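Labels run A, B, C and D following the written order; every chain starts at residue 1.
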Amino acid sequence: MKTPIPDYLEHVLDEVRDIDEGEVEEGLPHIDVKDPTELAAAVCTVTGNVYTAGDAEVTFTMQSISKAFVYALALQELGRKKVFETVGTEASGEPFNELSLGRETNRPMNPMINAGAIAVNQLINGEDSSVEDRVEIIRAFLSELAGRELKVNEDILDSELEDSDRNLAIAHMLASHGVIHDDPRQAVISYQRQCSVEITVIDLAVMSATLANGGVQPVTGKKVLDADACRLALAMMGTAGMYDGSGRWMSTVGIPAKSGVSGGLLGTLPGELGLATLSPRLNPQGNSVRGVAIFERFSEEMGLHLMASDPIGTHAVRGIETEGEETTVQLQGSIHFAAAERALDKLSDYDFDCECIVLDVSRVSGFEKVGRVLVKEGLRRLRDDGFEIAIYDPKEKFGDLEFSDGTRAEVVGEG
Amino acid sequence: MKTPIPDYLEHVLDEVRDIDEGEVEEGLPHIDVKDPTELAAAVCTVTGNVYTAGDAEVTFTMQSISKAFVYALALQELGRKKVFETVGTEASGEPFNELSLGRETNRPMNPMINAGAIAVNQLINGEDSSVEDRVEIIRAFLSELAGRELKVNEDILDSELEDSDRNLAIAHMLASHGVIHDDPRQAVISYQRQCSVEITVIDLAVMSATLANGGVQPVTGKKVLDADACRLALAMMGTAGMYDGSGRWMSTVGIPAKSGVSGGLLGTLPGELGLATLSPRLNPQGNSVRGVAIFERFSEEMGLHLMASDPIGTHAVRGIETEGEETTVQLQGSIHFAAAERALDKLSDYDFDCECIVLDVSRVSGFEKVGRVLVKEGLRRLRDDGFEIAIYDPKEKFGDLEFSDGTRAEVVGEG
Amino acid sequence: MKTPIPDYLEHVLDEVRDIDEGEVEEGLPHIDVKDPTELAAAVCTVTGNVYTAGDAEVTFTMQSISKAFVYALALQELGRKKVFETVGTEASGEPFNELSLGRETNRPMNPMINAGAIAVNQLINGEDSSVEDRVEIIRAFLSELAGRELKVNEDILDSELEDSDRNLAIAHMLASHGVIHDDPRQAVISYQRQCSVEITVIDLAVMSATLANGGVQPVTGKKVLDADACRLALAMMGTAGMYDGSGRWMSTVGIPAKSGVSGGLLGTLPGELGLATLSPRLNPQGNSVRGVAIFERFSEEMGLHLMASDPIGTHAVRGIETEGEETTVQLQGSIHFAAAERALDKLSDYDFDCECIVLDVSRVSGFEKVGRVLVKEGLRRLRDDGFEIAIYDPKEKFGDLEFSDGTRAEVVGEG
Amino acid sequence: MKTPIPDYLEHVLDEVRDIDEGEVEEGLPHIDVKDPTELAAAVCTVTGNVYTAGDAEVTFTMQSISKAFVYALALQELGRKKVFETVGTEASGEPFNELSLGRETNRPMNPMINAGAIAVNQLINGEDSSVEDRVEIIRAFLSELAGRELKVNEDILDSELEDSDRNLAIAHMLASHGVIHDDPRQAVISYQRQCSVEITVIDLAVMSATLANGGVQPVTGKKVLDADACRLALAMMGTAGMYDGSGRWMSTVGIPAKSGVSGGLLGTLPGELGLATLSPRLNPQGNSVRGVAIFERFSEEMGLHLMASDPIGTHAVRGIETEGEETTVQLQGSIHFAAAERALDKLSDYDFDCECIVLDVSRVSGFEKVGRVLVKEGLRRLRDDGFEIAIYDPKEKFGDLEFSDGTRAEVVGEG
């Protein structure tokens, strides 16, 4: 059985593909957007499974998405006390204060706005570090997260400080308040190079899954970050990752996230998975229009919401037992996206030695929409692989039994 | 075996009991605080287990804690569209704006500040509702959440609008902007009666667990709220539940929470449990000093953090098998508080028919501090119940094997 | 000779009469506007001359215009120290703060916004005063300024607190911060009665001229206020009298002013005169549209600007000398409106005993536009009274010598 | 007779000389303060009389004081429409917004804060101007105002952008909003050179008197500015010249003013005079401590307040008549500082041909404190010059007749 999850992702991309609202960020030489129609999505689970759809191999620069990871690096390197002294942890609320410095502290409100991110960048490798050394440390760290060597976009380097007035204003103000100590122009160059690291949505999903996984890169298995640094970075994504609308985002989408001006959007569900999308056209708040639409679908259809009551059953498949020619697969718990993904992952690898597969859902507490779709699709594919399929569903939790090709699953009276 | 969890809670209370900082809110006739030394904590799991310590039977008025629940009720009654039109979803950030009305919308920033809570209260039962009818609906709803009939503190009613200048100011301003339509004085009375519903920490923990459980009251099993209303209420607790320090709270404690001026503090971990504490002395931000200290310990020692990477294994006990006189209990997954709680809950009910109990932790991915302490204490109590105890721990994840009475568990080479 | 000044005022009214932009404040029962087309202007000099045009006898309620005078009364009664402790002296800047309370002081920013005016009203007659006694003291004081018994509009009293939500919000907030001590509802009633005192533009002009005259009512000659109270009230009109646009107003119009929602507008030039207009339609800032247009003309055409370099020559008429049948009137200094007014006032009373009047302008430093118009018109009227007229103008400062009826003045070579 | 006015100024300096509060601005290389004890004052009347006391020849850099004059130059060069499009005219109110950009306009709130001054500087000579050309135009203009060639402090130039982080932050932010178009670093250099023009208090007093005199430099008689540019510059000094305390300053001191960080303080009374002081120690708001103290004395003792009801009588000396050996000097109007100054100026030049001088004060409406002191001192000096002195004061307005040396004036019954 081939897992139907990439097909689901492709389906979501198809649903949003024709949305042509929003504007590509232009005129900033350090932003590279090649094609406004690019569209991609990737998911990486904490178990290391990666699913992709669309232009998943297209590279783009991280931009503001880098803020979340470099904040985690600073926490890892310096500890929370030092980092909290430099940058706050509160939402900046209404954008009444362009610099977003705390009124009394003169400290950036949080690390997700530019003032905070420039200050955090300066923490890496110490304030006496050269820009080259600091950027190399950041690049190497981001590469560990991605599980491959990332590089800094050199075209973008050429423009360096062109059109960087807003960042220069912020950096000079930070210097005037003693928040940063290096030359403000060097600080902006250092920060903008961090933003110029090139990634794909696959990289982003894996990096995000590393945060979701307590700092263990789920593909390489390497411990890249402490769990505490991951928690604090995720908390800031939840508090301030989506600019002025972070509260609404956490209410309606419920996935700690960070967006970048080149069109990337990254989300993380702790203990579950990382999501990433690419679509360059931005809404007025600077978030990718189609990226937001994809996340809304993920949240609603996949049941992915930080405040949802259903923790991932680590064992959606309660057991697989074979008696004669019949193998019974017993599911349990709440079957949302992540649960279905684990079940399908297990089933796609399983070496069935039988004629008939019975899916026993008598212990399932409920199905989220996508969970049901994916499980049904998995059954259909198992049937296409030559197995006879039946469902044991005494409480009628499974609902509609029609497959995507119009055929139906057989219902059995006893698992 | 009697579960050791209440003893752990009592232990945490002992650790904070001598903290005497903070001030009891005084001079407000509608706040009733009988004794500043009162101290209580309660935990309710989504499976309906309740654990308590301290003055858990003491009643106090809900005050601001009611905001989270009445917001959920409004969402349930009117749907998110109508509620979002009335009150925003963003953190109010720095308290630069005493009324916390959005600059352009003139709408309260969120339902966790008084302006928002007064507006939300007015949504219940329609704007033409009498105060009596509206308060009765709210009281009945809160009673369903608590699983018992709650009542409104009548002593407090007597004072009604005394010293309510700030709320009256807010209500009149809301009326001037058309956010509320009833007489502002009636609106304040209506809101303040909502605040005067009397509860215990046990009630609060159960009510909180209902939010954690997608709206199903875990003790009565009754569906009180839609999952969506629960998610949105929890999201607002995460965004704005702890006033100006909500961002810091979500970073360091990581438990969506709501505090009240009478000393109560409520926290919720979606899909896991509800926590509640009582201690009347408040810090300058208006949060209970010892309540905050207890939550910090819960977060750190119990591994309870919304952004933690460890989802609750719904099945910490992978299996219990008896062969002859030996029963093997196999644990799995990450053993934090909630996992240990479920394991101990299962073991305390289990009818062991053997001489020797072997705990097999070979499949445990890790222990949080409190998880280990609780499991060890459970083993010790099983030994005190007369069983022989052994541990199978080939990867040495269990660490120190010394029990609280100085004795040690036996280690076996094979489960 | 009859002074041409009323004709000039009538001319200005004609210029603005057809402007029909703006909206009458409606829906507030305590605002009485009878007819949106009402239009009136009045000027009173510090020498007690009153000139009027339009509906100068129409009464209307003072509304916010009362703020300036009651502030002066509070300064007079309590001294600046006590008043400054209660209410600030700074412009409120951008309307970011609806209550306009100082961020740290919780004191109203200035006495020209409602929060400040309500607090100042409470200072009169002490905080234990009944509303009746306080309002009677204010009414009596305003009557002294006007030089006649004013009364409180009783129709408006009937509605009292209807639609007063904004003021009630402010009063409750002031009470919550201890800025006022009386019941907030009584405070609003007290303030709104102050606003309901009925006046005409003539009253306003005279009251304004009293401020301009250091507290001496220029018609009755009675000392009503100390000079210091007048200076401080005028300073606040200059700083904050025209709401958010006060700075722009002081730049372009340059007349300390105060507007009211019933359409009145009051201006004062210290040491010179008081101006008042009535026209009920308001611009979005709440200032009378045609009132503002009249003041702009006054400022530009009459040379009335606080920052203008020309102080009023108290003696525009340097001397009047009669030799035989010829009487020479010698003017001096800068002839702007106020100077021309004084000269014409003198000439209209003068008992000329001659055949020919020669106007000697050889010592005039310059003419403002209206100054020249008025002086020419005065000459024309003297000619109509039967005198022969000639001008001695060796430096050609007078310019065009054509009268309004197309005739011309004779020019002589020697005064 | 030698005028006693310099002695009065010296007396005021003596009163404040021992105040040693405040701190000299240090650490900014482009501020030059040689000696914190320097103390100087100068007055220049619109008639061109200059009076000085203290270290009146000491040069210092203009710093923020230059803002007022360059704003006037921009208005003169470009007209109010263009200038108002670039920079606002409102007080910035509470310093909640470090950049003081208007919330919606992104335009500096006013030209008296650094953001506004940098933007105004860029208007001079067009945006394509070289820094050298622009600074030369400004230097030449300021020289015309001072009546002598001023120069730019070259020591200060050497440090250029050192410690200019705050100005650089502002300039980059202005560039990011399109308010300025030149390179932000060049803009800061251009502005800081404007601030580095060296002046004395004498220069400042004369420059200020030029604004007071409608743009005619009172010593050279040259027309340097239009009256409109002067009025608008003075209006902004009144609205925002003294930073956050501008409203309080206009209430209590009442003199449109501008202070600089090198210790200078400049005030202007339109139509009357210019004042300037130097004392380097600053209060926390950045205003010269002793400078403020001197201005408070000027305002109170000299009766100099923009909102005062007494315009300057241009003819305090109504007439001088000699009959035989007796010359009668008749004063009239209100005798405040400026009136006394003009009377004494006239008397000190007058060629008395008599034995006895009678001062007739029967037509004086009142004496301000300093007016009386100065007139008495003038009489004493005339007596020392050998004349017999008598006073005709039927209404006893002159009060105490004792001279500073303990002798008394004779009182006569008939002038």
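We adopt the following convention: a contact is a pair of C-beta atoms (placed from the backbone, for glycine too) under 8 Å apart; a residue touches a chain by one contact, two chains touch by 3 or more.
Source: prediction; values computed, not measured.
The chains that touch subunit A as well as subunit D do not exist here; no chain meets both.
Identification of common neighbours of subunit A and subunit B yields an empty set.
Centres computed as Cα averages put subunit A at a distance of 66 Å from subunit C. If you average the Cα atoms of subunit C and of subunit D, the two centres end up 28 Å apart. For subunit A, residues touching at least two other chains, in rising order: 96, 103.
Those residues of subunit C that touch subunit B in the complex are listed here as 96-99, 101, 103, 165-166, 168-173, 175-176, 184.
Residues 46, 80, 88-94, 96, 102-103, 109-110, 212-215, 227, 230-232, 234-236, 238-240, 244-248, 250-252, 254, 256, 270-272, 305-315, 332-333 of subunit B are the ones touching subunit A in the complex.
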